[in-house]
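Encoded as structure tokens, the structure appears first; notes follow it.
First chain written, first letter: the chains are A, B, C and D, and each begins at residue 1.
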Amino acid sequence: MKRVQDFNVVGYNWLNKDNYIITLSSDSDIENIDPGNFAEIKVPNSPDVFLRRPISVLDVDHGENTIKFYIKAMGKGTRQLGNLDVDSKVNIVYPLGNSFSIIHRKKVLIVGGGSGIAPFIMLASKLIDVSTEVTFLIGARSKGDVFLTDEFNKFGKVLVTTEDGSMGEKGLVTQHSIFAGNMDFDHIYTCGPDPMMKAVAQIAHEKNIPCEASLENMMACGIGACLCCVTPTVRGNECVCTEGPVFNSKDLKW
Amino acid sequence: MVNLNVNIAGLNLKNPVTTASGTFGFGEEFEDFIDLNRLGGIFVKGLTLKNREGNDYPRMAETPSGMLNAVGLQNKGIDYFLNTIYPKIKKWDTEIFPNINGSVVEDYIAVAEKLNDVEGIHGLELNISCPNVKEGGMAFGVSCPSAMAVTRAVREVYDKIIIVKLSPNVTDITEIAKGVESAGADAVSLVNTLLGMAIDAHTRKPVLSTITGGLSGPAIKPVALRMVWQVYNAVKIPIVGIGGIMNATDAIEFMLAGSSAIQVGTANFIDPQISIKIIDGIKEYCSNNGIANVADLTGALIT
Amino acid sequence: MVNLNVNIAGLNLKNPVTTASGTFGFGEEFEDFIDLNRLGGIFVKGLTLKNREGNDYPRMAETPSGMLNAVGLQNKGIDYFLNTIYPKIKKWDTEIFPNINGSVVEDYIAVAEKLNDVEGIHGLELNISCPNVKEGGMAFGVSCPSAMAVTRAVREVYDKIIIVKLSPNVTDITEIAKGVESAGADAVSLVNTLLGMAIDAHTRKPVLSTITGGLSGPAIKPVALRMVWQVYNAVKIPIVGIGGIMNATDAIEFMLAGSSAIQVGTANFIDPQISIKIIDGIKEYCSNNGIANVADLTGALIT
Amino acid sequence: MKRVQDFNVVGYNWLNKDNYIITLSSDSDIENIDPGNFAEIKVPNSPDVFLRRPISVLDVDHGENTIKFYIKAMGKGTRQLGNLDVDSKVNIVYPLGNSFSIIHRKKVLIVGGGSGIAPFIMLASKLIDVSTEVTFLIGARSKGDVFLTDEFNKFGKVLVTTEDGSMGEKGLVTQHSIFAGNMDFDHIYTCGPDPMMKAVAQIAHEKNIPCEASLENMMACGIGACLCCVTPTVRGNECVCTEGPVFNSKDLKW
């Protein structure tokens, strides 16, 4: 069930000057959260931020009643969220949106970049639960922009591409040598910048592999009430916050 | 004990707090967050005769203390509403007001006719002020003759309560309010969004696909409040006040300015429980100030 | 090197950043904070033929991302300005634009006549949009015939640049803009304040002594930007953009929408040095984006 | 010279749950400040507060480069100002307005209440410098609302009235027995709620004692640019921020 809940800031883990993980805790139980679900976070003490900000759930601990978000400071809201006092209150509406499908497959590929990697830990852990072998492919501009790979390593092989070649293979994710091989994946999951997801979906279609993409989008409500967050699909304009954020890439007309 | 009942043209609302069209979906979206039965009423998402896909993305821009939207009346049409949605939402013990829209007068008439015999729906909101559609929409609401014409046309086919929703994008809102009053409106609701625009200085492009869109939220409150006050002094029919209401104090200000009831819009996005908090806040204000009937606040501004 | 010069109807401003009438006094008030010589221009406090005491206190209310004012053109009259104030401020190397007001057309004419021969003053702003005076003021600016009549009358007695300041409280601002263009305006400035209202729910009284007042600040920016864009597409004369400009990015948005220059208003109250920061910020934006002439930003919105 | 300056929060001294003294420090020199001058303070991190807030200077230390304000939390802005992190930045525009006149007199009375007492420390210390004997008369609702008397005691006799009689004489300031006596004061200074100042001014006029009152008022700019803060005087509407806040009470038409 969706809920409005107050959390307290436990602390930050800064990955570099623009990327951080924020941990929040609650006195009451945390709702069930599926991989790909997001939250609408109210940014406190920010004169310029009027609307909530949609952020995917990175991880949740139902024993400790804590929830984590991985955030890339893009603008006013995400910057201010990285600047709160420990113990200060943060109000969130969650869990929102649909989730990645978790079904047993032999081998799946998870492709991401930027803040799009946030849902991958929960996704991989659920896939492992249903005995699916997971391979990650992470794209970034440079070595310094590759995050969370230690976490991903716990669940499967991690491949990296960087545009400057400072880590992994040089180039864009879709130029990775893995796509040149026979691609024995049954399913592809992708989340990241639009052009990256489009290119991944294109390859998936060519190779006839089902592909799910999690879209980003400007949202006002996050709960299907305002119809601001649409994306064109084969069924017409659909709300990313309720029909998505995860779409079968074949349904998208982007 | 505070009596929260208010009366809109003969229809009793259990309290003055309703939700604004386009900001509350069909109510269901808020079922997890609040008890919908507590609301005075729900003005559901704008409806048209036929299915509409609405405008292209991006449809939204954040602005100082507000937002612009350019949804463009995306909806599946009146028949889908009546056959699929209304049966699911009619169980709630609150007034459901369809918000109807059209590109030509005939569209309004057709939608109103379909609504006339629906049991349980006691009134509709006639939207002549949507700034986000190319044809019709706001155009009806910014000229007195056309506002009157569409009101008169709907009046002829619709027997229950007609609440005409006015546009703030006019030189003199009292003129339009008086016009629709004389054309048979039972009440007016105001304001719809102000026509605005946002630009991304970095890309040098408009933020919205439609270039301009509708401004809502606390930024517009002073303008909305002024218009409610002006209209209250110009017409005899009740007013439903709208525009940037974020808390009970704002709601009370709109009542003092002349509103019989109010609509909560953009605030629902910031706090999906805000409508209920506003009801509780109004009640508390009344008890603290010895006001037995909330209806006594309407127009009670001391000048 | 960025060329910051802009041209308003033949008059060169050293940069597009000027300060808005009523928000910058006569400039002197900011002497301690900034180098006034750096400004593109100063639109001084509204002037009338005779001394005016303005409205009663309270004249101000804070609103979400904005404020209401009801100053009501308090000033000591045009003669006092010319004899006492102008001699003190003319030393600054910036364009001084008097903002002139009247209750009847004859007042405007009389003030404009007195200004016509003043050396060093190359233009005036004809305010037909002040919402805070009982007679005249905004009334001129919300009807096309009266806006044209006052423009034409001033045109007959004033030989230099006339910038007509438009009211946003109208259904169609392009109609008024086209009207004053044809009546002889050299440029238009927009927008003046939106008519708004604030209520104190505690005392149940209006906050302002005048009940309604003029809304300014970032809250009105989306509306102002839209109007500049509309007017840019409707007239050929240059536009001075105004409304909620708080930083260089806002100023650039107004230029992209069609402004040749901009005015900084309410922002001066929040940061008395903001006008200079905006000049520096525009310069930086131009260098970063390879724009050699700031004037190229005017109307450069990509649609 | 008026100036816009960034300060850092040194700390708070909470007098009770609604009243506090905030101390700010600066890296650069602090301008000269006269008793009665005020500052326009930008309230940081407050989504609801748009304009600056006018606050009288309580005290300034030119050696340490610190400035103090005594603030009564009335609403959003004054509450948020009491809730800043130590070391966080506060931007102020100062010194603003005119000041109380400092001239040698035999004996003067300083009457105040509420946040109106803020300028009295600087005022008394300057008066002592010119060998003027100072008596304070402080009015409050109750004992718990009487602040800064320890400070005032350093400069002169402190009389108190409380409405509930819990401290000093019972009643309003103007009901204090001192006004019944022969009132050998040469000058009265007053700052506090309007009705209090009017009553004090009334007595002063009756007894023919010159009286200066420092007015509060809603201000937008604080520097004479907006003309929002007027008060009617014998000379017409005058700005409290530039012609005041201190007025000769005879000039006021309130």
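The rule is simple: a contact is a pair of C-beta atoms (placed from the backbone, for glycine too) under 8 Å apart; a residue touches a chain by one contact, two chains touch by 3 or more.
In this text the structure is predicted, and so the values were computed from the model without any measurement.
S.K.: Distance-wise, how many Å sit between the C-alpha centres of subunit A and subunit B, to the nearest whole number?
M.R.: Those two chain centres are 36 Å apart.
S.K.: What whole-Å value do you get for the distance between subunit B and subunit D if each is reduced to the mean of its CA atoms?
M.R.: 47
S.K.: Counting only residues that touch at least two other chains, what does the list for subunit D look like?
M.R.: 49
S.K.: Could you list the positions in subunit B whose residues touch two or more of the other chains?
M.R.: As it turns out, subunit B has residues touching two or more other chains at 61, 63-66, 217.
S.K.: Drawing the touching chains as a network, do you get a line, a ring, a star, a complete graph or other?
M.R.: Topology of the interface graph: a ring, with each chain touching two neighbours.
S.K.: Strictly by the criterion at the top, what is the full list of touching chain pairs?
M.R.: Result for touching pairs of chains: A-B, A-D, B-C, C-D.
S.K.: Within the complex, which stretch of subunit C touches subunit B?
M.R.: Per the stated touch rule, the residues are 61, 63-66, 68, 142-143, 169-172, 194-199, 201, 203-206, 211-212, 215, 217-223, 225-226, 229, 244, 249, 252-253, 256-257, 285, 300-303.
S.K.: Give every residue of subunit D touching subunit C within the complex, in rising order.
M.R.: Within the complex, subunit D contacts subunit C at residues 1-4, 42, 48-52, 93, 217-232, 236-237.
S.K.: For subunit A, which residues are in contact with subunit D within the complex?
M.R.: It is residues 45-47, 49, 85 of subunit A that touch subunit D.
S.K.: Using the touch rule from the top, collect the residues of subunit C that touch subunit D in their complex.
M.R.: Those residues of subunit C that touch subunit D are 22-25, 29-30, 32-33, 45, 53-54, 56-67, 69, 71, 74, 217, 266, 268-273.
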